[in-house]
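So, here come the structures, one by one.
Next, two complexes with chain A in common: one pairs it with chain B, the other with chain C.
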Partner chain A sequence: MGLLQRLATLLPLANHWLHRFHGGVSPQYNKSLSASQPLRTTLMPSQLVLPLQQPVGLPAEPIVQVGERVKKNQLLAQAGKDPRKALIVPIHAPTSGTIEAIMPMTLPHPSGLEDLCIVLKPDGLDEAIDNALQVDGSAPQTPQALKDILLQAGIIGMGGAGFPTYAKIPSEAGKIHTLLVNGAECEPFITCDDLLMQTHADEIVRGALITAHALGAKRILCGIETNKPAAINAMRHAAKQLQHDNLKVEIKEVATVYPMGAQKQLTFELTGVEMPSKAHAVDLGMLMMNVATYAAIYRAVTLGEPLTSRIVTVSGLGLEKPFNMPVMIGTPFVELAEAAKPKVALDYPLVMGGPMMGFQVQNNQVPVLKTTNCILANPPEPAEMQMPCIRCGACMDACPVNLLPQQMYWHAQAHEFDKVEKLNVFDCIECGCCSYVCPSHIPLVQYYRHAKSEIKTIKAEQQATELAKQRHEFKLARIEREKEEREARLKAKKEAVKQEVAAASSAATDAAKPAKSAAAAAAAARAAAARKAKSAATQAESPAIPPARLKAIEAAKAASARAAKQTAEKSPEKTQQAGAEDTTLDAKAAARKAAQLAAQKRAQAKVSGNIEISDNKESANTPDSKPDPKAAAKAAAMKAAAQRREKTQQAGSSQTAEASTSPKTEAIDLTGSSEATPASEKEAARKAAMAAAREAAKARAAAKKQPVSEALSAAEPGASSSEVAPDPAEAARLKREKAMQAAKARAAQKRQAADNSNAASDASSQESSS
Partner chain B sequence: MTALSSPYAHNNQSVRKVMLQVQLAALPALLAHIYLFGYGIVIQWMLAVTTAIVVEYVMLTLRGRPVLPFMTDMSALITVTGLVFCIPPEAPWWIVVSGSAFALIFGKHLYGGLGYNPFNPAMLGYAFLLISFPVPMTQWTMPGEVVGYTLDFMHSAQVIFMGHFDGNSLDMITGATPLNELRTGLSQGVMVPDTLRAHDSQLPWGLNSWAWINIAFILGGLYMILNGTISWQYPLGFLGALSAMALLFHAIDPAVYPPLSFVLLSGGTMLAAFFIITDPVTASTTPRGKLIYAAGIGVLVYVIRSWGAFPDGIAFAILLMNIAVPLIDQYTQPRVFGHSR
Partner chain C sequence: MIEAIIVFLGLAIVFGLLLGYASLRFKVEGNPMAERIDKVLPQTQCGQCGFPGCKPYAEALAKGESEVNLCIPGGTEVMIQISEITGREPKEMDAEAAEPKPKEVAFIDEDLCIGCVLCIKECPVDAILGATKQMHTVIQKECTGCEKCVPVCPVDCISMQPIEITTKNWQWPEPQTVQEAK
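Right after this comes the complex of A and B.
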C-alpha cells in the first residue's frame, strides 16, 4: 500500500490501482486551509433564519407566534400532517431569543428558491431547555424507538442529501446487518467531518453503536480517507475504547480519491458489494450515514438534544483565515464568511458545499442548513472557453460510475434525450469528475442535469397525456350515461312541475273553499319549514319566511332547467383539458360547498343588505366550478331533485344551482342578475301572492268569499310576470319588504279583505314597475 | 465567464495543453531525424506550419468561427507534424504544402472543424499525397550513414525549392526506404534475409536510421502514456496485433516475411502507434473499443505492407478503421456501475 501510494504521487496513472471503483480524480484538495486551524467557538449571529422546508420532504408548520420568546432547543415548527408520509422534520430553536418574523426568505438552493422561514433574533443569553426531547438516556432497543427519537430530534442526513434519518431507517430489527460510517469526506476544501472525527470521535462511535444496537446490525464499518491521519487515529482510539464483546466499529482507511465519499462508491470500497443501479442500500442490509449524523444521533438519544447546530467549514481561496466552527443552524452565510476575514469584498456568490458538487447561492445572506457542510469563498476566475469535444475519453476514464460522459453529452447536446437515458444518465451521481477533467472545458454535468430534468418532464407529459386519454374515454362514457340520466330526470322534473302547479292551484282553490283547512295547512307548512330550518345550520334566517319554500322550488326548477340547457349546449364543444376533468370529479363537492357558503353569505347579506357583493365574492371564490357548467348543472339538478324530498333545504340548494352555474355569466345572486330574473321575479310575486292568498283566506273566514277572486287575480299576473329585470339589490329589498308586508298583513288579520288585496296588488305592481 | 454550476474546479487541462504535450513528445523523433537525415524535415515542418496557419485562418474566417481560440488550440500543429514525418525530407515544397492544406481543409474544416472529423486529417493528407504523387513520395533522402553525409540547411532548402543543389540532381541522395527495398527485392526474387543483410548498419546495435527514428517515437510515446496524454490501449492494441501478425507469418515463411524487429522498427510503425492512431477525435473512445480499433489497424498495416500495393500501410489502415469507429464504440460500451451486462 505504502509503495503504491508513493508511486501514485509520482504517477497519476497509479492512483487507479489504489481503489476499487472505476475512475475518480485527485483534485487540489486545499484541505489544510481549514484543517490546520482549531475548531473555533460558536459565533452568535445577528439573526437566525430557519426554513420550514428541509432539503427533502414537505415544510413543517410553525407553532410559535411572531414576537414570542423562545429558548434554545424549543420546538418551533413541526409536522402538520403525518410526518412519516410527508418526510417532515421538526425544527428547534438553536438559541434563545425572540421570533422576529415568519416570512419568505431566500434559501440556499441552486435556483435561489424563496420559502417561508422562521426568523429568530438571538438574545445572546443562550438559555436552553435541557433534555428537550425528554429522553431517559438509555439506548433504544428497537428500530422504532430509535426512529421516534430521531424524528423528534429533527435529524436528517448531514452528509449532503438531507434525507430524514428516521425515514431512512427500516422499522424491522435485524434488517440491517452492516452499518456503514462515512468519514471519507472527499470534497476539496471541506474538513468539518475531519475536525469532528478528531474532536468528537467518541460521540460518533457511540452514535454508531447505539444505531447498530437498535437495528440489530452485526458489523460497523467506518471508511476514512488516508489524507486524514489524525481523524483515523482518533477514531481508532475511540473505537477501541468503546468496543464491547460483540460490537465494535472497524475503522478502514480508504484511498484519497474523489468521489470516495459517494455512497455507492464507499459501500463498494468497504464491503465489495456493488449496489445495483436501482436498489437501495437498505435492501441489501446496509445503511450508510455520515459521521456528523451519528454524532447527532448520540446527542439526541443520550442528551435529548435536538439537531440545532453542526460543524461547518468556512474556507476558500478568498479568505484570510479559514476555519471550522460549530455553527447554529440558520446562521447567515455572510456572517460566517466575514468572520474568516475575506481578502476582497464578498461581492461574488459563496458556494454551499465543496467545489465539485456544491452550488453557488443566489444571495450570500442565506442560512446554514442542517446539510451545510461547507461555505466556500473562491473568488471567480476567468473560465476557459468551451471548445468542441475532442473525444479524448478523459471524462470516461474519470467517471466513477463508468458511464460514457462524452456520448451522453453528444446526445444531450443534440436533444436526443431517449439516447441519453439509454446511456444510463440516471446513474450519474453528478460528481463532476467528467467536467473536472474535460480538456475542452465542457460543462458536462450541466448537460446531464438538464437532460435529466428534460427526461423527467417528457415522462410526466407522457403520463399526463396517457391519463388524459383514459379520462377522456371515461368521460365520453360518463357523458353518455349522464345524458340518459338527465333525460330521465328532466322527465321526472316535468312531472314534478306539473304536480307543483297543480298543487299550487289546488292549494289556492282549497284556500278559496275551506278556509280553515287552508290556514291549518299553511301553518303546518310554516312549522315544518321552521323546524327544518333549524336543522339546516346554514339557513339560519331565510326559512323563517314561509314562502321561501315555494320561492326556492321555483328557483331550483328554473336553475336546473337552465343548467340542463346550458349543459346540452356546452358539452359537445367541451375541451379535453385534464384540469377540467379534475374539476368534474370535484365539482359536485365544490358546488355543495359553494352552496353552503353562498347560503351563509346570503344569510349575512340579508342582514347587511349587501347581497350582491358577497355573492360576487362567493362565486369568485369558487373558480373550481367555473370550467364545468355541466357538473354544476348536474349538481343543481340533483339538488333540485332533492328539494322535492327536503323542501326546506331549498334556499341553500337553489343557491347552489345559482352559484355553480353562474360563474360564466358573472357573479349573481339567486335573486338578482339577468339570468336569475325570471326565477326571482316569480318568487317574489308568488310570495306576495301567497301571502295575499293566505291573508285573503284568513280574511275570508271573516269577510266571506268575495275578495278571494280578486286576490287570486291580483296574484296571477304577478306570478307570471317575468319580463322585467329588476336590480338584484332592489329585488332583494322588495322581497324583504314584501315579506314584511305579508307579515304585517298577517298580523292585521282582522283587517278588511279589500286592504289585503290592495297590498297584494301594490306589491305586484310595484314589482313590475321596478 | 465562470462556470454556471458545479464543479467549480478543473484540473487545468485544455485542448491546447494536450496538443502541446503531443508536440513536446515528438521532439526526440524530430531531433533524431535532423541528426540522421539532415535539416530537410525542419524546412518541411516550417512550410507545413506556415501552410497550416494560412489555411486555418482562411477556413475559420470562411466558416465564421472565432479565429483566435481555434487557431491556438494547436490541433493543426499536431496534424501537420504527423504529416511531415511521413514525407521524404527533401520532397519538393509543394508536396508538403498541398498535403497540409488538403489534410486541414478536407480532413478537418469541411467536416465542421475540430472534433467533428471522422478521418484522421494527417493520414488523409498522406493518403492524398501517396495517390497523387507516388514518385516523389517514395524518394527518400538517404540517411547519413548510407550516403556519408547529410545536407545542411541551405542545401536542403535548395533541393526542396529547386529540385537540385549545387548542380547535383536529387537522385544522388535519395533512394528507397528499407520497406520499399524489401518489396522491390521480393518482386525481383531477392529473399527478405538477403535484402536485410545487404544493409547492415554501422549505427549502434546494428539498427538502421529508420529504426532509431522509431525508437525516438517510442520514447515520446512512453512519456505521453505516463502523463496521461494518450491511452495505453492504442499502442498496446496496435503493436500487439502487428507483432502477432509478424511473428505468425515470419514463423511460417522467414524468407518472405521479415522478422518482428524489422516490422516494428521500420516505416511509420511507432509514429502511428503513439502519435497518429491516438488522435482521439477519430479513434474509438471506449476502453475496449480502443483496443479493438488499434488492433484492427495493426492487422491492416501488416496486411497492406505484405500484400498491398503500398510499401507502408499506416495511412490506409487508419482511414479504414476510422470508418469502423462508430460501430466499435456502439458495441464496446462499458458496464455501468451497478448494472449487469
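Right after this comes the complex of A and C.
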C-alpha cells in the first residue's frame, strides 16, 4: 500500500490501483479552506424556514397554528396518515420562538419551486423541551424499537439522499450482518463530516454500536478517506475506548478518490462485495449510513433529542472566512454565507452541496435542510464553451459504475430514451465524473438527469394510457350490458301485457256499448296521468315544483291503483289472476266489468293509434297486442327513446344514455309524441336558461379577474391585502346569486310547462269522473 | 420418372396438410395491426379524429380507411408511429395540432355545478364523480384531458387546467444542444 501510494504521487495513473472500483477522478479538493477552521458556535438566524416536504416522501401536516409560541424540539408537523407507508418524517422546532406563517416559500431544489413551509421567528431564548422523545436512555433491543425512535426523531439520511432512516432499516433482527459507517467525504470543499468525526467521534461510535446492537449486526466497518488524518485518529481513539468484547468499530482507511463516498463504491471498497444493479445493500445484509446520521441516532436514543440541527460547511472561493458550524435546520443560506464574509456581494446563486453533485439554488434565501452538508459560494466563472463530442472515451474511463456515458449521451441527445434506459442510465449515480473529465465540456450529467426524468414521465404516461383504455372499455361494456338489460326488461313486459290482453279479449266476447264513452274518458285520463308522472319525474332540478309533481304522482298512483283493481277484476274466469277477490264478486258484477273492459280496449286502440303517428314501427304490433293504455304508452315511449338513442349512437355524437338520464329522454320523447307544443316550448326555455347561465358565468369570470388586477395594481401591500380580502368573497357571492337566478328561471319555465300538462290532465280526470 | 412424381406429390400433400393445420392452429384473431396502432394512440378517447374513440380510429387505420394525421393529442410523434406501423407516408399535422400542448385536466368549479350529470354521461373514462343534483368533481388522476365534458356543461363550470408542477413531477430541463462546429 505504502509503495503504491508513493508511486501514485509520481504517476497519477497509479491512483487507479489504490481503490477497487472502476474509474473515479481526483479533483482539486480545496478542503483546507474550511477544515483548517475550528467549529464555530451556532448562529441565531432571523427566521427559520421548515419545509413540510422532505427530500423523499409526502409532505407532513402542520399541527401548530400561526402565532403560536413553540419551544425547541417541539413537534411542529407530523404524518397525517400511517407514516410507515408514505415515508413522512415529523418536523421539530430547532429553537424556541413564534410561528410567523405557514406559507409557500422557495425550496432548496434545482427547480426553485415553492412549497408550504413553516416560518419560525426565533426569540433568542432557545428554551428547550428536554428529552422531547421521552426515551429512557437505554439502547433499544429490537429493530422495531429503534425504528420507532428514529421515526419520532425525524431522522433521515444526512449524507445527501435524505431517505428516512426508519424506512431504510429492516424490521427483522439479524438481517444485517455488517453495519457500514460512511466517513468518506469525497466531494471537494465539504468538510462537515471531517469536523464531526474530529469533534464528536464518540457520538458516532456510540450511534453505530446502538444500531448494530438493535439490528444484531456482527461487524461494524467505518471507511474514512486518507485525506482526513485527524478524523481517522479521533475515530480510532473513540472506537478503542468504546469497544465491547464482541462488538467494535473497525476503522479502515480508504484511498482519496472521488466518488469514494458513494454508497455502492464504498461498500465495494470496504467489503469487496460489488452491489448488483437494482439491489439494495440491505438485501445483501449490509447497511450503510453517514457518520452524521449515526450521531443523530445516538442523540435521539440516549438524549431524546429530535434532529433539529446539523453541521454545515460554508465554503467557497468567494468567501473570506469559510467555516463549519452546527446549524439549525431552516437557517437561510444567505445568512450563513454572510457570516463567512463574502469577498464580493452575494449577487450570484449559492450552491447546495459540493461542486460535483451540488446544484445552484434559485433564491439565496432558501433554508438549510437535513440533507444540506455544504453551502458553496463560488463566484461565477466564464462557462467553458461546449464543444462537440470527439468520442475520446475519457468519460467511460472515469465512470465509477462502469456505464457507457458517451453512448448514453448520444441517445439522450437524439431523444431515444428507450436506448438510454437499456444502457442502464438508472444505475448512474450522477457523480459528475464524466462531465469533469470531458475535454469538450459537455454537461453529460445534465443529459442523464433529463433522460431519467423523461423516462419516468414516459412510463407514467404509458401506465395512465393503459388505465384510460381499461376504463374506457369498461364503460363501453357497461353501457352495452345496461342496454341489453333494458331491452330484456322491455321484452318481458311486452310479453306479460300480450298475455294479459289475450286473456281479457277471450273473456269479454260480448261488449257492452253504453259504457263505452265513460270508459274511454277514464282511459285517456289514465294515460295522461301516466305521461304527467313521467314528465314530472324529469323536472328534478328545482325543488320549487313539488305541488305539480305531487299532483302528478298522486294521479299516477290513482291510475295504477285503478289499473290493478281492473286487472284483478277483469277476468273472473281466470282463476290465477282473479284470486280471492273474484270469489266475493257476484257473477252479475263480473259481467258488467267485462263489458266495461271491452269498451276500454276500444279506447286503448284509439290511444295507441295516436302514438303510432309518432312511431311508425310501433304501429305494426300495437293494434294486435292491444295493451292497456298505460303500458302501451310507456312501451311506445321507451321504444321510441331507445331508437332515438340508437340513432344518436350511430351518429357518434353521444355514445350513451345512462340509466340516470334515460327517464328524462323517455319523458321528452313521450311529450314530443303526444303533446308536441309544450315539449318544444320546454326545449326553448331550457336553451334560453342555458344561454343566460353562460352569460352569467362569463360575467362572473370577469368579476373574478377584476379584483385580482385591482390587487396587483395596488402599490402598498397593506392596502391591497385589506382590499383583496372582501373582494373575492363578494365576487363569489355574486357568482352564486347569479347561478341561483339562472336556476330559478329555468325552474320557473319548467313549472309552467308542467302546469300546462297538469291542467290538461285535471280536465280529463274531471271528465272521467262525470 | 413415376417415382419422382409420386415422391413430389407425397411431399406436396404432406406440406399442404402441414400448412393447412398451421393456418388453423395459429390463426390470428382480429387485426393485429389495429391492436398495435391502438397501443400507440394516447387513449384520451377524445374523438377529435372523428371516430368515437381510439379503438375505432385504430381499426379504421388498419383497414386503410382513414388518414394517419388525425390524432390531435398524439401530435406528430404518434403520427410518425402510425405511419411506421401502417407503412404509409407520414402526413403533416394540421397547423394547430402540430404544436405539442401541455397536458391539461378538467376542473369543475363546484360553486357553479348544478348536478346535471351531463358531463358524467360524456366522460369516456368515468373520471367524473357525482350524482343527480349532487355537486360533481373530476378525479384528476383518471382524467385524460379529452375536453369532452367542457361543451356539454349547461352552466359552463368546467375548465381545462394545466397540471400543477411540484417537486415530485418536475423534470430536469434538457441541456442546450451543441452547436455544430464548422
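Everything that follows uses one rule, which is that the second predicted complex is superposed on the first by the 483 of 770 C-alpha atoms of A that agree within 3 Å, B and C clash if a C-alpha of one lies under 4 Å from a C-alpha of the other, contacts with A are read in each partner's own complex, and residues count from 1 in each chain.
Note that a contact is a pair of C-beta atoms (placed from the backbone, for glycine too) under 8 Å apart; a residue touches a chain by one contact, two chains touch by 3 or more.
This structure is a prediction, so every number in the text was calculated from the model and none was measured.
Novice: Should A:H109 be classified as contacting the first partner (chain B), the second (chain C), both, or neither?
Specialist: second
Novice: For A:G432, decide between first (touching chain B), second (touching chain C), both and neither.
Specialist: The answer is first: A:G432 touches chain B but not chain C.
Novice: One more residue to check, A:Q53. First (chain B), second (chain C), both or neither?
Specialist: In the superposition, A:Q53 contacts chain C only.
Novice: Between chain B and chain C, whom does A:Q446 touch in the aligned arrangement: first, second, both, or neither?
Specialist: A:Q446: touches chain B and chain C.
Novice: Where does A:H280 make contact in the superposed view: on chain B (first), on chain C (second), on both, or on neither?
Specialist: Touch partners of A:H280: none, neither chain B nor chain C.
Novice: Return first, second, both or neither, reflecting whether A:K498 touches chain B, chain C, both chains, or no partner chain.
Specialist: neither
Novice: Could you say whether A:R20 touches chain B, chain C, both of them, or neither, answering first, second, both or neither?
Specialist: neither
Novice: Is A:K475 contacted by the first partner chain B, the second partner chain C, both or neither?
Specialist: second
Novice: Between chain B (first) and chain C (second), which does A:P188 come into contact with in this model arrangement: first, second, both, or neither?
Specialist: first
Novice: Could you list which residues of chain A make contact with chain B in one structure and with chain C in the other?
Specialist: Comparing the two interfaces on chain A, one with chain B and one with chain C, the shared residues are 110, 387-389, 440, 443, 446, 449.
Novice: Spell out the residues on chain C that touch chain A in their complex, using ranges where they run on.
Specialist: Touching chain A from chain C are residues 38, 42-45, 47, 51-54, 111-112, 114, 116-118, 120-122, 124-127, 131-133, 142, 144, 154-157, 165-167, 169-181.
Novice: If we count contacts the way the header does, which residues on chain A are in touch with chain B in the complex?
Specialist: Answer in residue numbers: 11-13, 21-22, 25, 27-28, 110, 188, 264, 268, 274-277, 279, 351, 353, 355-360, 378, 380-385, 387-394, 396-397, 400-404, 406-407, 423-424, 427, 430, 432, 435-441, 443, 445-446, 449.
Novice: Note which residues of chain B are touching chain A in the complex, please.
Specialist: Touching chain A from chain B are residues 1-11, 13-15, 17-18, 69-70, 73, 75, 113-116, 225-228, 231, 280-281, 283, 285-287, 290, 329, 333-340.
Novice: Report the residues of chain A in contact with chain C in the complex, numbered from low to high.
Specialist: Counting only chain A, the residues touching chain C are 53, 107, 109-111, 113, 115, 386-389, 413, 440, 442-443, 446-447, 449-450, 452-454, 457, 464-469, 471-472, 474-476, 540-541, 652, 654-658, 660-661, 689-690, 693-694, 696-698, 700, 732, 735-736, 739, 742-743.
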